[in-house]
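Both complexes shown next keep chain A, but they swap its partner, so chain B is in the first and chain C is in the second.
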Partner chain A sequence: MILSGKFFRRCLLFLLAALAFAFATACWDYRDIDKRIFVGGVGIDKSAQDGRLEISFLIPVVRAIAGGEGGGGGGGGGEKPVIVESTIADTITEGARNLALRLNRDLFFEHMRIVIIGEEAARQGMEEIINPFMRQTEFNRRSRIAISEGEAGKIMGIKTTIEKLPSAYLESIYGNASLSGKFVEGDLGDFLHQIHESGGNALVGKVIPGADEVNIGGGAVVKHFKLAGWLSEEEIQGINFFLGKITGGSITVDDPRGKGKCTFVMLNAHRRLQLISAGAVPEFQLKVLAEGNVVETTEGVSMDVQDEEIIERLVSEKIRTEIFKGIARLQNDYRVDLLKLGEFLHRYHPKLWRNYEDRWEDIFPDVRISVSVTADIKNIGVTK
Partner chain B sequence: MKMLTNNDKITVSQTVALLITTMLATGILALPRNVANKAGSDGWLLVLFAGVLSFFSSMIVGALVKKFPRDTFIEYSQKVLGKIPGYFLGIILILYFLFISAMSVRVFSEVMNAFMLINTPRGFIIATMLITSAYIMRHGIEPIARAGEILLPVLVFPIFAMYLTALPRADFSELLPFLDTPAKTLAIGTVQNAYNFLGFEILLMVGPYMRSPERVMWALLFAMGFITLMYLFIVVIVFASIGVEDTRILLWPAMSIIRTIMAPGGVFERLDALALALWTIASFTTINGMYYAGTLAAAHLAGVGEFKFFVTIFLPWVYLISTIPGNPLDTMRWTQISGVAGLVIAVIIPAIVLAASTVRKKGGSAS
Partner chain C sequence: MTDVFSKLFSGKKRDIYFERDMSPDKSKKLKKDIKENEKEIHEYLYDCDDVITRDFYMGQAQKHEMALMYIDGMVNKGDVQEEIMKSLMLLSRQTPLEYSLGQNFFNMVKEGLLTAADVKEVDNFGEAVLGILSGDTILFIDKFEKALIISTRGWEKRGVQEPTTEAVIRGPREGFTETYRVNVALIRRRIKDPNLKVKTVKLGRHTRTDVGVLFIQGVAKPTVVDEVLKRLNTIDMAGVLESGYIEQMIEGDWLSPFPQLRRTERPDVVAAGLIEGNVAIVTDNTPFVLLCPTTFLSLFQSPEDYYERWYIASMIRLLRFAAAFFAMTFPALYIAMTAFHPGMLPTDLALSIAATREGVPFSAVVEAVVMVFSLEVLREAGVRLPGPIGQTIGIVGGLVVGEAAVRAGIVSPIMVIVVAVNAISSFAIPNYSVAIGFRLLTFIFIILAAIAGLYGIMMGLLWLTIHLVTLKSFGSHYLSPFVSFRFSEVKDSFVRGPMPSMEIRPGYTRPEDMDRMNDRRHDNMEKAEDENADK
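And now, the complex of A and B:
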């Protein structure tokens, strides 16, 4: 008989194996990589329509990039490496869905590098804008975030020269903390962290659009989920010193003989914050130790031990001034504790913090902070 | 005790592996949030206290295993409390194990749906997982324990390594203020989070299958100590790298931080796939332990030697129970309920049985 035991079993086994193949393809979540669009950046602006947002997606055109780099030269020549698609919607997700009517491929945010929020939109309130970045797992918390002076759409539209992709350019420029302390370094995760820690206050990067480049100097102050204003490059450097975030950058002072300028490049900076007294208003003391090299002096100046001491004094004076500038702006103009003093009290003096907690916003502007800075020259190069 | 067709015995190290892999479940992905909500930056203390508390509670089960080294809970509860109450407790035990299996597989499917298989129907994830579990279970306790033994290092070392990569971002001052929570809150939080250490109650059923039941306390101590350290490590890393406030809002904080870290040197930009693979193994072993204990209980209660039959019979029921919660928030509520049920099953009922057996002088010497 054809249906003898052995044969039947083999047939069954074969059928089961075939079935297993059909089920093992993970078909529901399967998408061809060439059916996807990898969004490099998102820009969010207030739109002309009341209460709605204008959302720009920065989309790399993979074909154009590959063609250009392949050495063909003429091959991919005329094609633009990126396109910017804008749409008006109430939420970011709705915006992405709107694009389904215009683009044949799926928008895919896993590799998003940067989020830029336009000035107007940020002033209106950022709570609902940042929500999807928390809730959805597709947005990764490592992408950068910044607030643009003017429209975010302008930043999305810049034509970069050194990098092919604006999103890669925008992301990596925020990695320059070892070269300069005059911007706010941090990613989406850090930003969300600050926002939740303090109930809506955060220090965010600022970005100014140019013709074919951007400038990320300075920073933006977010208070109660709304953009309150800007901080200058010097003020940001001071605040970075205060927060212990300096890992590089330079300070230029008059040289000891008064003949020209002298540049001090920072290697790193340590800081120590202490609570001195806790009356109606707490008083703090900040000690900063900045270490670095002297890399430039005006021609003809050769240094001796005395000069070194003078330079150290001048540099620490300058740093001190910058720190005070930053503190003054936050205390007097914005009245928002981005120096993390509340957090410091909460962590190290939890019992005291309870007295201040409720009225902290009113207390913070009156908090007294004394600052002492020590600069330490480690190296002076190979000329005397 | 009736001889079962599959009466393989497991060694002490296999028992430890079985206990650890059963306890280690996807619940840990939500644990940092639970403790952060209870005690803020003192949350990690809750993990420590809950671990210690759970070890002492598990000693009750351990004492029962030592006292009745040849019987499962089904038999000795009937010996001690009488036929009918024992039978009744047996049914509750079966229902509990099936319910826990259902909840574990459900939580696993929630995590999968949230982080990787976004469009895959939940039922499909649950069904494939259950069928795989049922397959290994039909071969009896020894393969399950052996799978635990083999998978344990595969599971544990990568988990440690993975979370260690978050260290460069970690800010340990997030753990301050220290001891700022009232003692009462700490005590309540400890009890409320003790359910994360459940899993040792499978010893109620698995006890007589141990080759040397007199060393059950060592097995428990080792397994509990290990799990406590591991949970502590994960909670501290999560707190230090994303902060207590963020931990409070994220549904699965221990999974979300995987997305914020990048392996050193940029070799692997994304560790999500690895993390999900590891948690798949962790859930698989948990479901195995719980489900197996349930079918074993049913076989012993029915007095039949064949437990494989029950593996198949229970499959659709476990599936159905796992589809009860409507959404992730609902699942959270149900896992809380299952935690309470677990404390009753794993601590209170064994305590009653132990007390009764001492009073009525039943069972062997509690050496």
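And now, the complex of A and C:
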């Protein structure tokens, strides 16, 4: 009586729903966390065999990283925290598949922290290298990307002492470098976005491998999906000023009172870009306001208002020079618009942009840009 | 042998059994002869050795034969001796009596001699027997076709103690007891309002349990009261031993994992509920009183929410809801995050979880099910074992076995944390029956997570929401005030607003009288306006 049709109908419905679950979803996606390999970084080089890629995967050994406090076996102190597995393949995905045959666990890329492309491979062409990162969702879009001077595999293989994981080490010094303003900020997602928008042009960070550390600073210019060349740290800082990406960093100038030096630390910087005239070649004006503190002088302790004004002038002069250097390199040497002037026109002057759109690559090197910089010292410290 | 059985179960006895409808058989009237009455009663209470019969004469002259009948142990013997026998046998001698008053003699005894407080007349056997069985004493007087039921109920009972399942830091320490009248009195003491009505029905063919329906007339919606009484009257069970029987018989959806009546051991909670427009169901022999209609949110309330200041009360309430969520989904979330979506975890956490799982022989799902299951066993064992041992078992089971299992590498330490947090969270829910419901759902969510990861958990939550939205408790929406949304009630939902701002009673009870407090400011403003007008 009480188990009437309603109850059975509900049971049946529930059963159907459960079945739908089982079939409509992928319970074969289930994989215990200890049966996965969390790839920390990927390095891509051109292999000695022509036309193929040599891909290095940075693989953390979890047992060694978490310290062998628990667990049944293993946990020895001498265990290496990471291993680097390299494979030669035509594509990155194929490389990962190759590796899966050698290792008994699933490669998992959502915790990938860095992607490094070797110089040779980058010069040859990056279109096919970045393709899988664009296509597949599993690659972590927030991982950092850089082009290395020399082989990328070397960076994967460095032995770090402070951090157990080289990928964590690299990521954290990337963060510091970005703060200094002398490095190209942005993660894999930003990079893919930029290169996709501009049809193959982008600014990427540069890494120089050392023995057991890396040197990060400066940048690489990618033009038409190919590495065109390098930019120095100062040039990158200038470009960062131009793009309004400065969040810190310091400028050191000669002390006006003598032979010493004086360091100005940026708190923040504002910039304003304006289109002045739009003839055959457009003309821009850039205004930069840099605010910061004087944190160190090697000459004396006292500083008066006049000195402050002089330092402000010197600092703004120096920033101006850096900006010009950066602009000059991009306009004259690489002839590629990484200053996002085209994007600026497209956004704020869409009608004018139509006139330039087709020939922009030819017009850009001749674009005139006037720059004025104002430095503002907020604080000179407790001593007067 | 067959002879004995046929004697014991002869048809003669059967036809004077009580009717199944539980109302006492009033058709059989008492007789004139006291001996016949006694014999008849003994026929009803055949083979009931605990029935005591006491024959005596009133006063000095052995003229008026009387008889007392009661059940040993259910009456207060002192009362029987002092208030009935002493007054009839001894005190009656002090006053000269007209012994031949005839019909008036009965009234003389009832009104002039008996010193007992509660005396009732009966003229049929059904009510008389029921009186005896309820612990009253029945007094037969020879030559009268009626008898007196004297209330002498008194048995060994537990006093009013602090409720153990709903302890509070601030608030009264009184809890209900097992005695119906005491419980009703505890409520009445808090609501000295003639509008507080108590309607008693008797339920259970064998138990004849007193069940009282309490409500405040003019606040509780009459249709709800009628509905409660109607549903109570449909109950025709052999026995009602606890309010749980009633709860399960009258709730709307018995497939739901959530109780649709709120149960409490605290008179202050019942009083608060009655004032909000609830109907209370008080059952004899149990300290648990039911409140209806109820809402999902009210099951998360503790009386302290209203005694503490509103910041603290609100924070604690939010904590409780968070705890309820974890009590339901924490192991499931762990499984989904680690086995399906490890990308959602911070890298360091993912690596350390992976490292602790290294060498664990079972998959996370098996691990979780086994751990949650053994925790349930521990909990159950802790309840069964006597007090001090219960705690020991908790420590031995929780700490020693857990630690040993981790050391042996059978379970991962993170799973121990997950399951412990899950269990502790469930104990933060004030209402035990809800907490247990959530513990049950934990298993379902674990299975869903094992099949489909976070997608499965979302599906489960969706199902839960759909279920809760459709669920009703005595015509009120279970998810009120969010279903049939009323903004002013949100201040007593996930948070508890400041007391002066809670001017109206909650809408889910559909109270007759919405005003919880007089708006003094409003009154004063009107007064001031009047005064200005006079000038």
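Here is the rule we go by: the second predicted complex is superposed on the first by the 344 of 384 C-alpha atoms of A that agree within 3 Å, B and C clash if a C-alpha of one lies under 4 Å from a C-alpha of the other, contacts with A are read in each partner's own complex, and residues count from 1 in each chain.
Note that in this section contacts are C-beta pairs under 8 Å (C-beta built on N, C-alpha and C of every residue); 3 or more make two chains touch, one makes a residue touch a chain.
This is a predicted model, so every value here is computed, not measured.
Chemist: Name the contact category of A:Ile33: first (chain B only), second (chain C only), both, or neither.
Modeler: Second partner only, chain C.
Chemist: Report for A:Leu101: first if it touches chain B alone, second if chain C alone, otherwise both or neither.
Modeler: Neither partner.
Chemist: Should A:Val62 be classified as contacting the first partner (chain B), the second (chain C), both, or neither?
Modeler: second
Chemist: For A:Ala48, decide between first (touching chain B), second (touching chain C), both and neither.
Modeler: Touch status of A:Ala48: no partner.
Chemist: With the two structures laid over each other on chain A, which partner does A:Ile162 touch: chain B (first), chain C (second), both, or neither?
Modeler: neither
Chemist: Tell me the contact category for A:Glu197 with respect to chain B and chain C: first, second, both or neither.
Modeler: After superposition on chain A, A:Glu197 lies in contact with chain B alone.
Chemist: Looking at A:Asn140 after the superposition, I want to know if it touches chain B, chain C, both of them or none. Which is it: first, second, both, neither?
Modeler: both
Chemist: Have a look and say if chain B or chain C is in touch with more residues of chain A.
Modeler: The partner that reaches more residues of chain A in the superposed model: C.
Chemist: Classify the contacts of A:Arg347 with the two partner chains as first (chain B alone), second (chain C alone), both, or neither.
Modeler: first
Chemist: Common interface residues of chain A with chain B and chain C?
Modeler: Common to the two interfaces on chain A: residues 26, 29, 140.
Chemist: Using the touch definition from the top, list the residues of chain C that touch chain A in their complex.
Modeler: It comes out as residues 255, 338-340, 342-343, 347-348, 350-360, 363-365, 406-407, 409, 413, 448, 450-453, 455-456, 459.
Chemist: With touch defined as at the start, can you tell me which chain A residues reach chain C in the complex?
Modeler: Residues 7, 10, 21-22, 25-27, 29-34, 36, 38, 40, 60, 62-63, 65-66, 70-74, 108, 110-111, 113, 138, 140, 168 of chain A touch chain C in their complex.
Chemist: Applying the document's contact rule, which stretches of chain B touch chain A when the two form their complex?
Modeler: Against chain A, chain B makes touches at 41, 114-121, 124, 128, 173, 176-177, 180, 242-243, 245-246, 248-250, 256, 259-260, 262.
Chemist: If you look only at chain A, which of its residues touch chain B in the complex?
Modeler: 23, 26, 28-29, 134, 137, 140-142, 189, 192-193, 196-197, 346-351, 353
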